[in-house]
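Handing you this structure, nothing more for now.
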Amino acid sequence: MTAERREPDGAIVSTQHLCVAFDGATVLQDVSITLAPAQVTALLGPNGSGKSTLINALVGLQPVQHGTVELFGIPLGRFSQWQRLALVPQHLPGASSIPVSVWETVMSARSSPRRRWRPIQRSERQLCTDALDRVGLLHRRRDRLDTLSGGQQRRVMLARALAADAQLLILDEPTAGMDAQNLQVFVEVIAHQRELGRTVLIVTHDLDDIEHLIDQAIVLEASTDQSVVFAGPPPLPPSMHHVAHHHHETPPQGAASPVVAVDP
Amino acid sequence: MTAERREPDGAIVSTQHLCVAFDGATVLQDVSITLAPAQVTALLGPNGSGKSTLINALVGLQPVQHGTVELFGIPLGRFSQWQRLALVPQHLPGASSIPVSVWETVMSARSSPRRRWRPIQRSERQLCTDALDRVGLLHRRRDRLDTLSGGQQRRVMLARALAADAQLLILDEPTAGMDAQNLQVFVEVIAHQRELGRTVLIVTHDLDDIEHLIDQAIVLEASTDQSVVFAGPPPLPPSMHHVAHHHHETPPQGAASPVVAVDP
Amino acid sequence: ALLLVGCSASGSATTSTRSHPKVVAAFYPLQFAAEQVGGSHIDITTLTQAGVEPHDLELSAQQVASIASADVVLYIKGFQPAVDDAIAQEAAGKAVDVGAEITHLTTGGAVDPHIWLDPANMTAIGNALANRLASIDPDHAATYRTNARALAAQMVVLARQYQSGLARCASRTIVVSHAAFAYLAKAFGLQQVAIMGLSPDAEPSPARMAQVAQLMRADHVHTIYSETLVSPKVAQTLAQTTGAKAVVLDPLEGLKPGSTDNYVSVMQANLTALQANQGCRS
Amino acid sequence: MGLLDYDFMRRALLAAALIGLFAPLIGVFLVQRRLALLGDGMGHVALTGVGLALLLRTAPIPTAMITAAAGAFLIEFIRARSRTAGDVALALLFYGGIAGGVLFASLAPGQGTGTLNAYLFGSLSTVAASDLIALVILCAIIVITLVVFGREMFAVSLDAQIAATQGVAVRSISTMMAMLAAIVVVVGMRTVGLLLVSAIMIVPVAAAQQITRSFRATAALGSALGLTASVLGLVGSYYVQVPPGPAIVIVALGGFAVIAVVAVPVRRYRTTR
Amino acid sequence: MGLLDYDFMRRALLAAALIGLFAPLIGVFLVQRRLALLGDGMGHVALTGVGLALLLRTAPIPTAMITAAAGAFLIEFIRARSRTAGDVALALLFYGGIAGGVLFASLAPGQGTGTLNAYLFGSLSTVAASDLIALVILCAIIVITLVVFGREMFAVSLDAQIAATQGVAVRSISTMMAMLAAIVVVVGMRTVGLLLVSAIMIVPVAAAQQITRSFRATAALGSALGLTASVLGLVGSYYVQVPPGPAIVIVALGGFAVIAVVAVPVRRYRTTR
């Protein structure tokens, strides 16, 4: 890995009383969260509770009505060290007019303005190769991105974020549509990132898969005075179980409830 | 419901020795499957095993190399009763140049050539209202589709398929990115469809959620002589557990395995 | 780019053969003048084919080659951009800008290129060409000068016909669809009212059309002149509104394809049309 | 007023109102299919058709109509056969149309583009009674097609793949849309001018889609804006002495700008796109 | 051969080769950003600039350059500010450009579009040595910009939102791309003609993208096809006696068709799109 490995004392990400509204309809209300260094945080909440909106607000893609965002201790408005974070959005890229290969997609993680005057380093290529290899798609690197299956494309986007070699990883539903084996790989990837001291924010609807990796869970709820209804280390309080665990409300033929399952 | 409720004796969908290849690379090999009337089938398999490709082949979006497809007993080439099936694709619609509302998206399910000369019926509007209500998005019907959250858009696409009031529902990963509560709604929707005698084909990576509804499971595997490695009623044989169940390979802190779990 | 420096004049070095001088005319009226002056002693090439609107001409490589190897190129500067460009590149010393000899009229601030519609200007064009031909082909200098005088005589006759033909007319206002006839009008004491400007392909404004219609009513004008190479719709519409009739008046920017007319016969046809429709007594 | 004293103004007003009202209804599908510049493209193709007609000595207007229809067909063919996006297919046709037109013109000795123009370009101030009839027929065709095929056209614009699984004949409906646009352009350019017809299909729709939330509302607002711009622009051009076509287009663009300014407080999100 | 005896042919060949080689490198970004018709649009905007210059009595070419650059800026502004897709923003500029040009021309009395054209349209057979220098400078600008900003331009074309979170100045880079295209078009139209420069940016890229699997390969193949078409078309036009610009475009379109036919057995999938 090329990037310096610093362990800042302060928060990697923090927000204070964040409010976001669309066309007058408030989506996020008074959100104050903190992501500590080298922690894995799960962002939970039902559909439409504002998880993606929060992420967009954190990285400056979404103007906010009130409140502040700080990245690496710097207010968002003055933040410029973008090479320190990497984002995987919820939506897959749409159809492209010009063919784009898997390799080019991953390599595009390396195109920050800081690297403008430098030719591509051998180590950067290595980062991309490693990232693609890690998600098991190195053999597809020469293929058009849009000829890959949905789950494969999602893994390419993950590899792209890994190739950024950033201290902060923000992943919006990275496991949606992933098969069990790749989910396993994903869990290993996140564990490895945590070992490297990286901070990770993961949006998910199914905590079970990654629960053992989670240092903190943040639960959003739509249409409340305070969007954040829980923030702290797992396990979640029983009343919040429904936003984080999929399939235990209708126990299949009387199955034993798994670990955190304290069904309402 | 307006459409006639027929219960055909023969298969709703059947394929014989289907082969599909892209640019010479074979994706589906010798696929022969049958969907019986009023049955719910789960289509399983790892990423890239060809689930979406198979679905596209079934509905004629994907030319096939060898083999035959029959819908409602009619060879695909001569099939014309398209109002009898409804499809939810894996990918969400991309950005649209012209704003499209949720209601218009759902109503577009009613635009088959057969209804060309008929004005929209009151009953058709009712179907759409019911479908949107069922997925809990009736209050969003006037909003632009692309201002909805990912999970909400997916539910709109489901409502669209329900509004088609078709005998055969084909759903490609309908539950990806759905929260637990909506998953519950989804399970109820499918149960209701089965009661109505509808045939349903669902692609999923996590059988647990819907296992109790499943009459048949079909498991695809990439790069084998025969793409279909299992077809029959659940439970799956232990060796196939990995394609259908998410989070039990790394049992979180020694949890009890749920029902079908016979881990390899 | 380096290999091009220093050989820029080599392309035209092949013209020293003592055959007929090669004359390139940019469009029809210049071709006519060349034919009259050069007769059988020169080879004439015309860049604008019959029927083509000359304004937006494009040149093929062969045509540029013909310009490059010409001895004389006749053109009107500022009228056809493609020709201007080619001459600047290939024939700077050999070109004759026939407009240079003429006092230009300006229509609304722009130089009006339609000089050929005044016969006197054709005489000037003929003389300029004869001088140039005489200098490059001294053997036939006398012939060229004689021919130019003959052209001048023809033009004098034509001008006299116009003068007498248009001497006593009920109306001296000619309403035309595009402003091509300023030189003709000035030469023979007519008043040009154009619905559109110098370019025939602009859309007329309703305000201008209403103005012209009012003016026609006030001046009792009963004719609107449209042209051969451009749509007559404007003239027709206005004619319908005012109860006038639409008549063709040829601005001679080119001949129609297959036409056997020449400059003089077209000009005479124009005169006949003007006489008939302006209420002229001869 | 004086404005309606001239029958050419009365005809112009009627023609402008008709085209302003109905062209955006086609335009909304063009924008959705990324064919916003189809109008201009079709103009070039029609020009090629006239060039061809002069070369072959056939009747120019029908030939132009046929080439434009063939162009519409070709766009959909290119889209379907080669993996080429709509706007790229249009660009191919566009540049092909110009190149073809110039080539034909230079091959048919004595036929310049000026001659071509004479066959094609109308203008609002010179609309004849017969042109008005053509326009009314055109509007009737638009309305009937939309009533009968509108739902299928919408489904195809939304998602061609899903539409195909509903039994919609995607290729035919696509081609029909492009053909309809081609007819509008060719009839329109003959009567009210190419600039006006191709711009009025698109600009009001572009203005409307900034604040609407549905396809239907976009079409309706676009149509209303088209009508307003047509009437305002034409009346303005009567007083200011400018050609009416460009005047109407400028008014419509002004409408876009006004809505853009008004819409900003309405939607303050979306920093990049 | 005889062909190279004329130095105007040597200059034409060099100009065609340069533009054929480098224009597609810009075109590939235009196609990706759905601005395939930007070339023609910029031509119209530049025309408006000349109209304005005539009205204000300023120097036409610099004014055209400035309006084209302003146009490029405006497209990105419209995209960013109003929720308007790239092709629609282009259409607005396009129709606005024509309407504005005609209006200015009609306001500056006695200036027809013919006068405007004189300032803008070059042609391959009349390229001057000074034009060649402009072209070489242009190509140098293209190469340098691509080397320095190419990666950021690619990231923005791929996904503007993600690029923004990488610290790429999306608005600036977008505007830079459009500006670059505007410069190519304005310099190109003066020297080799508008049709040729705007078509050669797009057609070879459209041909290439049918069979390539990466952006880089598309750019490279597009560039190679552009060069081939330029040289073949120019040489052909010398022998067949047609204007060289359209001839080159037709050859490039032929390349598209050939690749489309060759590509069908390669990719037999995708019935609708």
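When the chains are written out, they are named A, B, C, D and E in that same order, and each has its own residue count from 1.
The rule we apply is simple: a residue touches a chain if its C-beta (ideal position, glycine included) is under 8 Å from a C-beta of that chain, and two chains touch if they have at least 3 such contacts.
Being a predicted model, the structure only gives us computed values, none of them experimental.
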{"item": "Steps needed, at minimum, to go from chain B to chain C via contacts", "value": "2"}
{"item": "Residue-number overlap at the chain D/chain E interface, same or different (half cut)", "value": "same"}
{"item": "Two chains sharing the most contacts, counting C-beta pairs only", "value": "D-E"}
{"item": "Maximum centroid distance from chain A, chain identifier (CA atoms)", "value": "C"}
{"item": "Centroid spacing, where centroids are CA-atom means, of chain A and chain B in whole angstrom", "value": "28"}
{"item": "Rounded Å distance, chain A centre to chain E centre (Cα mean)", "value": "40"}
{"item": "Centroid distance [mean C-alpha coordinates] between chain D and chain A, Å", "value": "45"}
{"item": "For chain D paired with chain E, centre-to-centre distance based on mean C-alpha positions, whole Å", "value": "24"}
{"item": "Residues within chain A bordering two or more other chains", "value": "22, 60-61, 95, 97"}
{"item": "Multi-chain contact sites of chain D, meaning residues that touch two or more partners", "value": "31, 34, 85, 87-88, 102, 106, 161, 163-164, 195, 209, 242-243, 245-246, 267, 271-272"}
{"item": "Set of chain C residues in contact with two or more other chains", "value": "55-56, 58, 60, 200-203, 205"}
{"item": "Residue ranges of chain D touching chain B (in the complex, touch as defined)", "value": "28, 31-32, 34, 148-149, 151-152, 154-155, 157-159, 161-169, 205, 209, 212-218"}
{"item": "Chain C - residues contacting chain D, complex", "value": "48-58, 60, 200-210, 213, 229-231, 233-234, 236-238, 240-241, 257-258"}
{"item": "List of chain A residues in touch with chain B within their complex", "value": "22, 45-48, 52, 90-92, 94-95, 147-152, 155, 173, 176-184, 187, 205-206, 208-209, 211-212, 242-247, 249-250, 252-260"}
{"item": "Chain E - residues contacting chain C, complex", "value": "5-12, 14, 102, 105-106, 108-115, 117-119, 121-129, 132-133, 136, 234, 237-238, 241-245"}
{"item": "In the complex, chain D residues that touch chain E", "value": "31, 34, 36-37, 40-41, 78-85, 87-88, 90-92, 94-96, 98-100, 102-103, 106-107, 160-161, 163-164, 170-171, 195, 198-199, 202-203, 206, 209-210, 242-243, 245-247, 249-250, 253, 256, 259-260, 263-264, 267, 270-273"}
